[in-house]
Amino acid sequence: MITAKLIGNVWATRKAEALSGFKLMLAEEIGGINEGRRLIVVDIISAGIGDRVIICTGSSARRMLGNDDIPVDAVVVGIIDEDCNFK
Amino acid sequence: MITAKLIGNVWATRKAEALSGFKLMLAEEIGGINEGRRLIVVDIISAGIGDRVIICTGSSARRMLGNDDIPVDAVVVGIIDEDCNFK
Amino acid sequence: MITAKLIGNVWATRKAEALSGFKLMLAEEIGGINEGRRLIVVDIISAGIGDRVIICTGSSARRMLGNDDIPVDAVVVGIIDEDCNFK
Amino acid sequence: MITAKLIGNVWATRKAEALSGFKLMLAEEIGGINEGRRLIVVDIISAGIGDRVIICTGSSARRMLGNDDIPVDAVVVGIIDEDCNFK
Amino acid sequence: MITAKLIGNVWATRKAEALSGFKLMLAEEIGGINEGRRLIVVDIISAGIGDRVIICTGSSARRMLGNDDIPVDAVVVGIIDEDCNFK
């Protein structure tokens, strides 16, 4: 998984039907040599802009949604505690 | 998923039979440290050149096509609304 | 998928039995920030050195071979038409 | 797989239910051109901070957990022996 | 797949049980813009240090082992012939 900060909402009126109802957010990787990499992720645990989150990617992302037929490759799987400090 | 701009059509007369009928487009990633990365993607939601889209990659891309046997690893899953601004 | 140019043949007398009979070629990505990335790919559509091709990677590559048990993660899925120009 | 050093614990009170009870750690890749890349990994073999470990990623990571439904894409699969030296 | 040179053995006494008996080696990618990338790979075709090999990654790597439950994401699938020259 990677550490990222949620930096915005993504709105897409025209999209795959299977994505209806899912909240899409823009995430930016934090730390390490990929700092600043951008991903669009699905959030189903009520994370918000500014949160530092754990992003799971690839086929494993679909495991978070309980439905293997959804075309999603990145999801928020956790919100890092505010008092969890690492550089 | 990643944010990309569709920048061209890709024509390939000789290709896998399973790809017949699918529209192939050239996409260029927008934003973050991978800005400018190129991908060839399948579009089945009538996106057009110049559109800013959401690209899903890997095995999840096949979920968009409703057929797990197609050799495709990147598809357009949404068109980002014009008034959705993020840097 | 990615755009690449086929630049050579790869010969490996000692290899996985499941790979017997498959043509292996060296491909070099074209365009974007990953220009120059090298991959070894399987070709079953009679592409040749110098051809500009579409490469599918990951589990989707196995879909091209009609056999999910082959240890291959990159295949040629199409040959880009000569008159298809994009930068 | 990649070689990485475990450099911290990751605490996330709000997370996917399927992740409950799993130890999450921050890992930093060692060696080669991706030196310094950061990943959050699951550890179930009692590795500790400072250990040099082998990280398996993608769908294969789920194989380590004996449950294909867990949204995890990186796990510790081994601890490199202290007297195993490579640059 | 990628081209790599095997540059060392990797010893891990504490590791996933499913990895017992597999030879782990350190590989370094050759050629292209990812030259110098390091991977830990499983070898079951008796490759040795110094050999130039073909590495298959991701879920396809498990196909080489004949057992889909092993947490491995990179394996040697072929040894490139010594007289196969490419830059």
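So that you can tell them apart, the chains are marked A, B, C, D and E in the order they are listed, and the count of residues begins at 1 in each.
To be clear about the criterion, a contact is a pair of C-beta atoms (placed from the backbone, for glycine too) under 8 Å apart; a residue touches a chain by one contact, two chains touch by 3 or more.
None of these values were measured; they are calculated from a predicted model.
Asks: Show me the overlap between the contact partners of subunit C and those of subunit E.
Replies: Intersection of subunit C and subunit E contact lists gives nothing.
Asks: I need the rotation angle between the copies subunit A and subunit E from a CA superposition, between 0 and 180°, in steps of 5.
Replies: 145
Asks: Once you find the CA centre of subunit B and the CA centre of subunit C, what distance in Å lies between them?
Replies: Chain centres of subunit B and subunit C, defined by C-alpha means, are spaced 19 Å apart.
Asks: Which whole number of Å gives the spacing of the CA centres of subunit A and subunit C?
Replies: Going by mean C-alpha positions, subunit A sits 31 Å from subunit C.
Asks: By residue number and range, which residues of subunit B touch two or more other chains?
Replies: 34, 58-59, 61, in rising order.
Asks: Graph shape for the chains shown, where an edge means the two chains touch. Line, ring, star, complete, or other?
Replies: Ring.
Asks: Ring chains in order, subunit A leading off, subunit D next?
Replies: Putting subunit A first and subunit D second, the full ring order comes out as A, D, E, C, B.
Asks: Where on subunit E does subunit C make contact in their complex?
Replies: 1-3, 31-34, 45-47, 54, 56-61, 63-64, 75, 77-81, 83-84, 86
Asks: With touch defined as at the start, can you tell me which subunit D residues reach subunit A in the complex?
Replies: Going by the criterion above, the answer is residues 7-16, 18-19, 24, 26, 28-29, 34-41, 58-59, 61-62, 68-74.
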